[in-house]
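Order of writing sets the chain letters: A, B, C and D. Residues in each chain are counted from 1.
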Amino acid sequence: MPMDQRQRIPVAVLGATGTVGQRFIEMLAGHPWFELVAITGSERRAGQRYGDAVTWRLPSAPPLAALALPLLAPDAELPAQIVFSALPTDVATDIEPLLAARGHFVFSNASSYRMTPDVPLLIPEVNPDHVGLLERQRATRGWRGALITNPNCSTIQLALALKPLVDAFGVTKMQVTTLQAISGAGYPGVASYDILDNVIPYIGQEEEKIERETRKLLGTLTEAGVAPAPMTISAQCTRVAVREGHMACVSVELGQEATSADLIAAWRSFRAEPQERALPTAPQPAIVVREEADRPQPLHDRDAGNGMAVVVGRVRPCAILGHKFIVLGHNTIRGAAGASLLNAELLVARGVIG
Amino acid sequence: MPMDQRQRIPVAVLGATGTVGQRFIEMLAGHPWFELVAITGSERRAGQRYGDAVTWRLPSAPPLAALALPLLAPDAELPAQIVFSALPTDVATDIEPLLAARGHFVFSNASSYRMTPDVPLLIPEVNPDHVGLLERQRATRGWRGALITNPNCSTIQLALALKPLVDAFGVTKMQVTTLQAISGAGYPGVASYDILDNVIPYIGQEEEKIERETRKLLGTLTEAGVAPAPMTISAQCTRVAVREGHMACVSVELGQEATSADLIAAWRSFRAEPQERALPTAPQPAIVVREEADRPQPLHDRDAGNGMAVVVGRVRPCAILGHKFIVLGHNTIRGAAGASLLNAELLVARGVIG
Amino acid sequence: MPMDQRQRIPVAVLGATGTVGQRFIEMLAGHPWFELVAITGSERRAGQRYGDAVTWRLPSAPPLAALALPLLAPDAELPAQIVFSALPTDVATDIEPLLAARGHFVFSNASSYRMTPDVPLLIPEVNPDHVGLLERQRATRGWRGALITNPNCSTIQLALALKPLVDAFGVTKMQVTTLQAISGAGYPGVASYDILDNVIPYIGQEEEKIERETRKLLGTLTEAGVAPAPMTISAQCTRVAVREGHMACVSVELGQEATSADLIAAWRSFRAEPQERALPTAPQPAIVVREEADRPQPLHDRDAGNGMAVVVGRVRPCAILGHKFIVLGHNTIRGAAGASLLNAELLVARGVIG
Amino acid sequence: MPMDQRQRIPVAVLGATGTVGQRFIEMLAGHPWFELVAITGSERRAGQRYGDAVTWRLPSAPPLAALALPLLAPDAELPAQIVFSALPTDVATDIEPLLAARGHFVFSNASSYRMTPDVPLLIPEVNPDHVGLLERQRATRGWRGALITNPNCSTIQLALALKPLVDAFGVTKMQVTTLQAISGAGYPGVASYDILDNVIPYIGQEEEKIERETRKLLGTLTEAGVAPAPMTISAQCTRVAVREGHMACVSVELGQEATSADLIAAWRSFRAEPQERALPTAPQPAIVVREEADRPQPLHDRDAGNGMAVVVGRVRPCAILGHKFIVLGHNTIRGAAGASLLNAELLVARGVIG
């Protein structure tokens, strides 16, 4: 167990200058298990100090130690078994398998391999057993390392909020409308001229990702791979003028009768492996239920559990599907960098790595 | 028909200093049939010039003629048969019936009497036959005038978008999430400290209004009054940082099979009484269908048809209810002042007034 | 005089797909003197219909006639003597002189030649006599056409507001802090992640432009060219979360004693050549003075005079320089497309063109 | 010295439910010297638990201990010598002297007594010697306690930024334009309909406060009271759509020649009594100088020094007054609650209290 170790485990971040890369840098500063030892950026900036290469865009100040690290080229040899990838999709598609082949455990935010049958799409609170795919992955591909992905930034919060309901009641249908933060589009992302005094009711491929990733996450690990959850999902995704925090207005049909109070009880009693193991980045609790009429709100709830908790509220009957509620999560922490970190912590705690 | 008249019909506006009152003043400037001759405000400001009493909050400049009108007390004698009410609910509850009794045709934005059985909740494109309730209303109550209401600012656009679908296919279920503009809360309304970099997933009574008003609007006029449409509705309402324009993300279940193209065709061919009669405030067409992937948007589509058209887009299949799409309308024009105006124009054109 | 003409003058717009290009297209729709007959775009889009090539970003709907025009390559032959340039600076630098040499009158928004000694930097209300530079320009360069520039989007409003003060009292010093709209940065321009809940106190080269362009605009035409006005200027420029409308907080030192009332009187009585000639795009009046404590504001005043007027308010003593006040103008209308249009109207009205 | 104490000093907060009151509660949670033991609110809410009475509006979660405190009436007996006042001006005017007479040390954010000759207007880094006024105050008024005020939220940052310049070079003139956050107006404060896509170039009495408070803060303590600094100040104040963080664009005339580098050196070497004494709330350093072209920015710099530091940037020559630069500070921390806290810490550290 890392808790007893005197030495932290070296880790690297790929695509460290982008906004998700910056979140990794921020979250790794002071991490009790991991020590950031290497970062990569674009070919053309390789060799620069991180502090010179990055335009820091997070509100917090950048960690001093990271600023001194040299930026390595995307395909550089990395002195770390654990690698966090904040690479853009096209670059990730090429590089991540190479690194896994070379022996790295790659924890990826990219969408390239999320739906690949032998690649776990992992949320430690939701489907930790899907780690079981790694054996197959490594055997088939002959990799010394492995590739583990985390879901899209809006899916992750939905799946986490659904998990206790699936366990307690079953979930047969979910209708969801999201109101997503601008940070979800990366940087420069959404032009201010497009979003100030406006809403954009479209995010390319986002609805499809929610519909398919959620079913894989809540699916069953079988001999043949992951059998998607038999749940019908319909999503509508919008972009709103919020910096951080994706909101989802959800209606669900459950597999059995339940009251709003039953749902709340299921969320409140939810405690999963990351909480049991007290993983460093695990929120305690994973799901916060607010009872005020007007919560959760991005501004007030995105930082719950240091941005790692999912906040649920306005639980009430839905005349069509039975139940409706609001879900909110921090899209660049729980929905991106923090998701990968927690995945890595799970594999370390289980002894898969190290 | 007023078109032939040499003289415009005198009208009054109640509650003229609020934001909906200001929209009435703006829309009446240059109206071909109506001439604004009287305005009322709070007791304490009675006697002031409108120009001195009002803090004009619309982006456009206020009409000069209106600025010179004296503000009358709420219960003053009004030299106009047609009266537009932008009164707050509590004041409207008391005053509107009094005015109707005195012989005025009161066109009200207030929610007080929308669900009252003998009061028409009217959208000229949707349920013009509900004007038939007025006979009963006047007979029962002994009023020389009448009281006509228009729906809540988010309901009106939904009902208008649903109407061609109801006619062509029947609609059995509607699931809707709204993203509503700050102007819907009046003035001062939403504090900037509450909404900047935020979303508020709650608007008091709004979901209930959508659920019940839509069913009355699309209901059937019978001997016994309006039988609500047998449609199941579930709404979630949120407030976003947009000045004007309510957006709704809608899923519907139809009474019969249809393709997205069928829905679009139904909207595109929709032409109702206000369009047939070419009422001055009637948009041509009433419903605009946009085919771009990312429309409608509040900033770009709220002013369609001078703010009186409803804009529909992103029509596509819904895995749960069959069809989903986005609806957008201008909440203080189509959703408030313009709604009352069009109601009055309908009654004038039909000869009920005048 | 075009007023008598039965036929409108053909004009072209260079760089028609950008946001300033779109403003030109919008303002030329229904222009009484000018008819848009040709537009250019980037090499790679040449040949496309404008409606296919452009992503229309203005809140208003695009004019239908323009949508059908084919996009020409930047260096195409243009069937119009008058050419409006919304080209980016680097492209403008190469192409504008070529077009002037070929016989076109090029009205440019680009900064490339604003400070060139024989190129007029022109505001019709401020320095119409600088048109006199054209003779020299055409003689020296052997051009059959000519090149006329308009100032930077923040300078133009300042110079216009200063002009009546210069005439009446002389102005020796101006200290100014601007709060500029995001549209001033073009598209995509300012990232929403940079400006939402933020102010950026820096706009590259903007302070320098204000300091030098204002002095040329208010300078004296001599045999040797324009002698800059002997005025000391110090500017600080910031970017704020406003869509349109640049605000400036100004302090001035005058050449002689004056009261706030004297300044207001100077602005109110100001009437220049565009107003005298009733040029189609000329605002009447050019300068609006508001007396409320909290005006002008971008939202309420940017559209004064159809976006062509400059609005001044909060005139009061300054303990350091003598007088202070607020100036506001629409940066993409008065500060860009409208500025070029008015320049062209002036030259047509004076008979320099046509 | 409290550092050695085993027990924390009990303190009370007046007006604890407002936004500045909430900042006090937030900053006192975990304070090493002070323990919050009592809070007051409006008469009508007296008796309620704080958790029931308050609508918490800060993004952070409210401290649990505070939520359990009962809300006392404004004039209740308070079991604490140190009292922090976040009262509205009118209430403060009556109650603060009463409490001082009863023996409390009242640290006030209200403007009521800031300019009163025997009341210190105190910033520990700027004019700690003005504490000397207290002897006179207590003698004249016969108070067992005392009244100490802190400046307006925009003044405090300006005075702090000016202090090292005054010490090193003298400052004879300051021209300043502020861009102030909406939180400065309290709650509900600025209506979203007034500020979204807008700037308001007016804040009642703010310019006057900057002009007179700055001169008292930088003034000289004499036998006869505080002689205001002989500095000419001219301010223009605007409100922008920013949650927290007042920005000021400043030009200054110094008493002697200096380069930008000299100013930066003066700020960088600045170290005052709170820093020397390492007061718990004192930022280290008090003034941060940023050298990037586009800093400070509210979003990135308001939290410097936990919101207690002032950030300066863009130091460069001003053609009129000699030097110009940007100043930024957190208006509800350094500019309000944190200011009072630091004042109390100073008096405790000096032994005036305790």
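FYI, a contact is a pair of C-beta atoms (placed from the backbone, for glycine too) under 8 Å apart; a residue touches a chain by one contact, two chains touch by 3 or more.
Everything numeric in this text was worked out from a predicted model, so none of it was measured.
Asker: Name, by label, each chain that touches both members of the pair chain A and chain B.
Answerer: Of all the chains present, those in contact with both chain A and chain B are C, D.
Asker: I'd like to know which pair from C-D, B-C or A-D copies the A-B interface, where a copy means over half of the contact pairs are the same by residue number.
Answerer: C-D
Asker: So, what's the distance in Å between the C-alpha centres of chain C and chain B?
Answerer: Their C-alpha centroids are separated by 41 Å.
Asker: Where the CA atoms of chain B average out and where those of chain D average out, how many Å apart are those spots?
Answerer: The separation of the two C-alpha centroids amounts to 48 Å.
Asker: Which residue numbers or ranges of chain A touch two or more of the other chains?
Answerer: 196-197, 241, 243, 299-300
Asker: Along chain C, where are the residues that touch chain B in the complex?
Answerer: 59-61, 196-197, 299-300, 303-304
Asker: For chain C, which residues count as touching chain A in their complex?
Answerer: Interface residues on the chain C side: 19, 57, 182-183, 187-197, 241, 243.
Asker: So in the complex, the part of chain A that touches chain B is made up of which residues?
Answerer: 173, 175, 177, 179, 197-202, 204, 211, 232-234, 236, 238, 240-243, 247, 249, 251, 293-300, 313-314, 318-321, 324, 326
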